[in-house]
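Here subunit A shows up in two complexes: once beside subunit B, once beside subunit C.
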Partner chain A sequence: MSKGRLFAALLAAATVALVVIGTVWPVPSAVAYAGGASLLRSSSTPEEAVANLGDEIRMQAWGKAYASLANKAQFTQPEFVHDLTGYYSSLRTYATVENFEVRPLHASADEAEIELKLHWSTVVGASVSTRDLHVIRNGDRWEPEWPIAKEPIVPPQVIPVNYLRWDVIYRGPGDDWGAQDVEAPHVRIVDMHPVERADGVVILGELLNEDVVPAYVSVSATLLSKSQSPIATEGSFDKISHLLLPKQVTPFLIKFPNVALSEVGSIRMTPLSALIAASADPVIEIENEQLHPAPGASLTGQLINQSGQIVNVAHVLGTFYDKTGQVVWVADEYIDRALLPQNPVPFEIHIPEDLARNVSSQRTVIATYSSGGAQ
Partner chain B sequence: MVVVVVHLPLLLMKLPLKSYDTNFHIFFASHYVSHWFDPWNPKWYAGFSQTTYPPLPQQWVALVSRILGLDMAYMAVQLAAIMLLVVGVYRFSLLWVSPRAASIAALASVFLGSESFLVYSAGQLGTTSAAPIYLNALPFLFEWVRHGKWQSFLKASVLFTAAAAAHHATLLFGSIFFAVPVLALALLDRQDGERISTPAFVGRTVTIAVVVGVAIAVVLLPFWIALIHYPVTQTPIPHPSRANYILSPQWGLNYFIVPYGALILALPFIFLRGSMAVRLRPLLLGFWVAFLVGLGGTTPVGHLLLGRAFDVLTMERFSYWATLLALPFVGLLAAELVDRYRMWAVVGLTTVAALSCALAVGWATYRPTDAEDFKVDSVATWLNRDGHDQYRYLTLGFGNKISRLAMMTDASSVDGEWNSGRMLPELTRYGAGALTSSKYFGEPGLDALRAMLKHADHYGLKWVFVRDHYYDALLSFAGWRQVDSLEDKTITVWGKDGVPPAMPVNAPQIPPHWQGLMWGILPFGSSILAILVILIPEKRRHERRADQHFATDENLKQGRLVS
Partner chain C sequence: MRTRSAFLLSGMAVAMMQLAFAQDRSMSLPKTVEAGNAFTIQSTGSGKATLYIIGLGQVLKRDVQLGEATFFPAGSLYNAGHYLAVLAGDSSTESDSFDVVPASKPADLSFLARPSRLPVGLHDGITGAVYVFDAYHNLIAAPTPVSFELSNPSGTVQKRIVLTREGAAWTGMDSTARQGMDRFVARIGEISSARVVGQVPGDPCGLKMNARQSGQQVQLVTDPVRDCNGNAVPDGTIVTFTEAYNGAQSTVDVPLKHGIAEVQMAGHNGATISVASGVVLGNQIRWEK
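Coming up: the complex of A and B.
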C-alpha cells in the first residue's frame, strides 16, 4: 500500500473511531439532545428499566414509553399520556420533565418495587411527582407496570351560582387598566417583620383589604441601610394573592437574596391597590387540613372546587403563626392538576424544620387561574 | 450569471426573512440607518452595545437601504456575498487544482447546500459575507509568502481586515482551517520555480500576521474593548448543532445531510485524493478538522479542541467552512468525471448539485424557524401610541419576530436575540436564549423569565404581549392582568400596575463617543479600502502556471505527485 493510501486509510479509520467514541461516550450536549442515556442502556435490571421509562417520559416519546410497560393492556396510550400530563388543561399539560430519580424499594428475582420521582418544569416553577412502580422480569428484560390513575368522571349536574360579583365601569375604550381616576381601595399591612434565612432576608406579613370593593394588590419592600440608603427593592411577585375581596387577608413573602439582616437599618413597605372587577366564584373549599410537626413538617389538606367551572391552576398560600399570633412563615404550593367540580385534590405545603416548632396555627388562602379569565 | 439565475429569484422573494437570524441583522442595520456613529441601541436588553458584533455587512445593509429599503438591502448585500463567494472559491481553488477544476468548484459553490442553508435557514449574513472575503484574501497571502510581492501583502492585509470586520469568528477559525493549509502549501512549493528560504517564509508569515493582527485590533477596537470589559461569561445556551447526529438523527438531517447534500458522495474521493497528492494534504487536513468539528457532538473533537467555546459557538458554520474547503476536491472530481463520462457526468453532476441546493433552500419551508408567520404591526402601533412606549415591554411566543417588532416600535424591550450582547443578570445567569421562547429552554428559560418578571419595576417593564397562552397562568399569579387584545385576540396585552416609567440602565456599558466614531468609520472604511486595493491592476505572473503542479488524475498516474 502506498503512503498516500495508507494516509487515507488512517484518516478514514480515525474518523470512524472518533464517531464511534462520540456515540458510545457522547459529550454532555449530545446526551441531552439524545434523551439521556437510555439509548445505550438495556433494561437488564429493574432500575435500568425504570430509568429508560423516565428518559422516554422526559423526551415525551410517549409511544416508546407506553410500549415498554408490562401492563399496557390495561389502558390505552392516550390514557397513559393523560395520566402524566393531565386530562384537562393544567400546569402539567405543558410541563416538561427536567430530570428524574430512580430509587429501588424492594427487589426479588422476578419482581421489584422502584420509586420514580419526576421533576417537572412548569411555567410557575418546579413540581415533583412520585410514583411507585412494580417492575416484573420478562425473560432477560425487566418491564415496569404503570400505576395508572384515571381521572374521575364528574356526573352531569346543575350547580347554581349565586356568589357576589363586582364589575368596574371604565371611562372608555382608550382607558388603560391601572389609569383609574378613582380612589384606590383601602388596604393595610396588618403584620410585617423580617426574618434572616440562609439565602438572605425574607419579609413576611399580611395585607388586609379594608374596603367594601375588591382590590388588586401587591406589595414591594425596600431595605434601607443604617444610613438610610437603599440596599435593594423587591416585590412579592407570586407569593401573595393579588386579588382581595372585601375584608379578605392575604399573606405575602418578599425575598432579598444575599442580604444580611445586620446590614438593614429599616424597611420601607409599599402596598399597592387598584380597583378591579371580581367575582367570589369559583369558591374553593379546604377540607381535612392538618398541621404535621417536624420531622417532615407540613400542612396537608384537600381542595374541593365548589363551582361548576374547571379551575386550571390553584395556588395554595399558607400563613403560619406562633402562639402570640405573629406570622412565623409563609409557604405555598401550586396544584399541578386541574380542579374539577366537587373533586377533591390533595395538597401538601412544606414548612422549614427550624420554624416548624414555633408554629401553632395557620391560615390558608387559595388563588386560582381558569383559562379564559384569571381570578 | 448562474448565481443570478439561482439565487436572485429566491432573494427577491425575500426567502431569508424566514430564517433564524435575518431579522436580527436587519434590526442591527436599522439602528445604523439612524445612528451610524452611535452603537448604543436602547431597544433590546434595556440597552446594549452593537460593538459586540462586527458591523460590516449590517452597515452595508444600512447604506443600501437608503435606496432599496431595509429588507431588499439585506437581500442585495446577501446576493453580493454569494457572488463574491464564487470568485473567492475560484481563486482559492486555483491554489490547489487546475483552472478548469477551479472553475467547476466555483460553479459548485452556487449550489452548495451549506451556503443555501446558512442564507435561507440560518440567516448568517456575517458568516456568509466574511468567508468570501477571506477566500479572496488567501491567494494574496500565498503570493506574498511564496513570492514576497508587496502588492499581494497589501491586498491580503486589507482583505483579511475587511473579513474580520464582517465576522470575527471566521477570521479566528479561518486562520486555522484556511490560512494554515495555504501556508503549508507555500512551504511545500518553496523548492519549485522561484525558491524561497525557510527564514524568508517564516519572516513573511510573521510580518503579515502581525500587520493583520494590529489592523484588526485597531479596526475592531470597540469590539475588543467591549469583550475585555464584559467577557461572555454567561451560562451556555443549548444548541442542537452540538448534538450527536447519530443518536439524534433529526439533527443529523438538519446539520449534516442538508448542508452537505451530494458532497457526502464525494467524501471518499476527498479522503483518497487528498491523501495521495502531497500538495493537497494540507487542504485535506484543514477540511478534515473542520469536518469533525462541524459534526458537533457526533465526535469528541469539537468538545476537545474548542473547550468552553464548544458550548458557546454553533457548529453549522464549521460544516460551512468544511464544505468550502472541500470544493477544490469537488472541482477535481467533477473535471475527471466529465473527462471520463462526458454528457452523462454533466447530467448527473448537474442533477445532484440542483438537488443539494433545492433541499437546502426548501428546508427553510419544511423546517421553518417559526411555525407560524404573523404580523407584529398592531403590536408596534399599540406600543407607539398613548405614551405606552414610556415603559419597557416583553413578548412571549413571538419567536424571531421580536427583531421585526423592535424595528417598528420606539419602545424598549428587556429581551432580544443577540445573546452575547446582553448584560442583564436575569438573562445571563440561567443558560437560556430569548425570553420570548422561554418554554423551549425548559427550567433555565422559565427561571430567567420569572427572574425578569420579578424585577419588572426595576426595568420599567409594564407590558407583556402574549401569543402563547402557556404563560398566562404565570402572569396571572405574578400580578399582571390582561388589558387588551390584538390581531383578532391572538395576541393579548398584559399590564402591571405601579410600574415606574423606564429609566436608562446599563450606563457603564455605553461606548464613549470616540468609539462610536471609530465604529462608524473604520470597519466600513476597511471594506472601501479593500475595494480600492483590489482595483489595483495585477501584474500577471506568466511563469506561475508553469511551475505549479495540479493534482490531476494524469499527474497521479505519472506518479509526480504521489509521495
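Coming up: the complex of A and C.
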C-alpha cells in the first residue's frame, strides 16, 4: 500500500515537472502549432526560402505561405490554395503533406531554381507532386515564386446526357420461395498466371463481364500446396476496376507476400460478381498513351473526360503484355485531381525496370468515382 | 375373520373386472388417412378411456366411450406422416399406428427456373424443377404428370411432359435464337406457376466501324451491333476504339447507344484504328487525312 502511494506521488511530481518544463522551454514545433513564434528558417538562402514554403504548406498555413511568395500579385490566395488542394473535390481535398524534399537545380547571385517535391498522404496512399520554383533575392531575403497552374473552371451550364442507366430490383420478402432472384452477372477470367517477384508471388490476369448488365466484381485466389492444402488466400483489393459494364475487361493483380512459387502446386481462383446499379456515363478517353522504356520505364498519357459529369477520383489501371499477348504486369495510379469535362489530365504509371523490357503492348482502363458514390 | 374374508373377495372381484375390461378393449384404425379428410376410430369394450393421436408436430386428445366410434372431422390431421394412436384406460393402455398420406389432388406447385437470364442459342441452358404439394403443403410422392412450357414472344413454344418422381419433376429447355423475355410455365391440371426467363443477345458478331473526317478529328461510328443470330446487342455494352500512331495510342471505351457506338478521336495521319467489344475484335482502318 505504501509503495503504491509512493509511486502515485512520484508520477504526480514527474507530471508537474514535465508540464513546467514544457511551458517554460517549449520545443519550436509546439510553439509554432500553438500560434507562437514560427519554427521557420531565416530564408537567407534559396533552399531555406523554399523549405519554409514547404513547411507552411505542410502546416496548411496558407496565409503565411501566400505572404512569402514573390509573385503573389499574379494570383489570389484562394487561387493558390486551389492550386494545391484542387478547386473541385478530389483526392487532394482531404490530403495532407507528409513531408517534402528541396533540391537546388540552378543558382546565381540573385535568382535560383529549386525543385520542391511534396509527398502527399491521401486516402488511397502516397501521392507525389513536384514543382520547379523560381526563387529571387529581395534584399537579404530570398522569396520563391509559385508557378501557379490555374485549374479551369467549368462555367455554369446544362449538359444533356442520355446514357443508359441500370437499376436493380431484388426479390422481396413476400415473394414465393421458388421465385428466382435476379441473376448475378456472368463474368469470366480470360487470362491468369502467377509471377514470382522478390517479395512473393503475384497473380496477374484479366476478368471479362460477358453479361448484358453491369457487374460489381472482385477476384480472390487461394494458393494450394503440392499436397493441395491451402497456403494463403488473398484478394485483388484495389488492383482491379470493380465496376464492369457489359463486355468490359479489367486487369487484376493479387499479391501473396513471402510465398515462393516453388511451394505452389495449384491456384484456386474465385471471381465474385454482383448486380449493381450503374450508369454508362462518364466516358473517359485515354489519349496519347506512350510506353517509355527503362530506365524510368513508365506508361504516360492523358485522360479526357468526354462527359458532362465531373469525375472526382480517377483510377488508371494499366495492363502490360509481352509479344505473345500474355500479361506480364498490372500497375495503377490514382489521379489526385478532378477530371473536368474536356480537360486533359496527365497520368504516369511506373513499370518495374526488370519487366519493362518484356513489355510490347498495353491496355489501359479507367475506374471513376464521382461524389455521391461509384457511378 | 369374516370381515377380512369379505374384503379379500371384493378385491379379487374388482381385479377380475379390470382384467376383463383390458381384455375386451381394442381399437380399429384405418391403415391410411388422406391428409385433411375426416376419419373414425372404432373401439370395443365398455367404460371410459382417453385416446391420443400423436404425430410429427401434432397431438390430438379425445375422451372416448369404449364401444363407440370416435369421429375426427375433416382437417383434424393434415400433416402427412406416421401417427401413433394410444388408448389409455385406468389400468392399461393399447396402441397402434397408421399413416396420414398426402391428398391425391395437387393444390400447389413450387417451381424453380434457372437461370433468370441467359444468352440465346444455348442447348439445355434453362432448367425447370417442380415440387408438387397438396392443399396442406404435403409433398405428393405419387407419380404425377407435369407439363413444362417455354414460350418466346416470337411465338416459339417448347413443351415437355414429365412424370414426378418422389414428388419432383425437372426438365431442361433450350434458349432460342431470338432475344426476349420468355415465359416458362409449369402446369398440373388447373394449377400452374410461371417464371420469366430473359434471353439476351450473345457476343457481338461482325463488328464493323466506319470513319469520316469531322473537323480536325476523325468520327468513328459502328454499324448497328448485332450478335451472330441477328439480335441487337443491348445499349450500354462497351465498345473499345483504339487509335495507334507513331508508337503511341489512344483508347476510349464507349457504351452502345441506340445500337451503335460513336466517338471522336484525334485521327493522326497514318494511324491504325481498331474496334473491339469484350473478346471480339472488329475491323481495322488505316486513317489517311
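What we mean here is this: the second predicted complex is superposed on the first by the 318 of 375 C-alpha atoms of A that agree within 3 Å, B and C clash if a C-alpha of one lies under 4 Å from a C-alpha of the other, contacts with A are read in each partner's own complex, and residues count from 1 in each chain.
Assume a residue touches a chain if its C-beta (ideal position, glycine included) is under 8 Å from a C-beta of that chain, and two chains touch if they have at least 3 such contacts.
These numbers come from a predicted model, not from an experiment.
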Once chain A of both complexes is superposed, is A:Tyr369 in touch with subunit B (first), subunit C (second), both, or neither? first
Once the structures are superposed on A, label A:Glu183 by its partner contacts, choosing first (subunit B), second (subunit C), both or neither. second
Applying the document's definition of touch, where does A:Gly265 land relative to subunit B and subunit C: first, second, both, or neither? neither
By the touch definition at the top of the document, which applies to A:Gln306: first (subunit B), second (subunit C), both, or neither? second
Name the contact category of A:Ile284: first (subunit B only), second (subunit C only), both, or neither. second
Touch count on subunit A, higher of subunit B and subunit C: B
Does subunit B (first) or subunit C (second) touch A:Phe237, or do both, or does neither? first
Does subunit B (first) or subunit C (second) touch A:Lys3, or do both, or does neither? first
Using the superposition on chain A as set up above, list the residues of subunit A that contact both subunit B and subunit C. 176-178
Interfacial residue positions of subunit C with respect to subunit A in the complex: 110-118, 193, 195, 200-201, 203-204, 233-239, 247-255, 257, 263, 265-266, 277-280
In the complex, the residues of subunit A that touch subunit B are 2-5, 7-8, 11-12, 15, 18-19, 21-23, 25-27, 29-30, 32-34, 39, 91, 94, 96, 98, 121-126, 174, 176-178, 216, 218, 220, 233-238, 240, 242, 272, 274, 276, 312-313, 315, 334, 367, 369, 371, 374
Per the touch rule, the subunit B residues reaching subunit A in their complex are 238-240, 242-244, 246-248, 251, 271-272, 274-278, 281, 284, 288, 291-292, 295-303, 310-311, 386, 388, 439, 442-443, 446, 450, 453-454, 456-458, 469-474, 476-479, 481-483, 495-498, 562-563
Across the complex, what residues on subunit A touch subunit C? 162-164, 166, 176-183, 190, 208-214, 245-249, 280, 283-291, 301, 306, 363-366
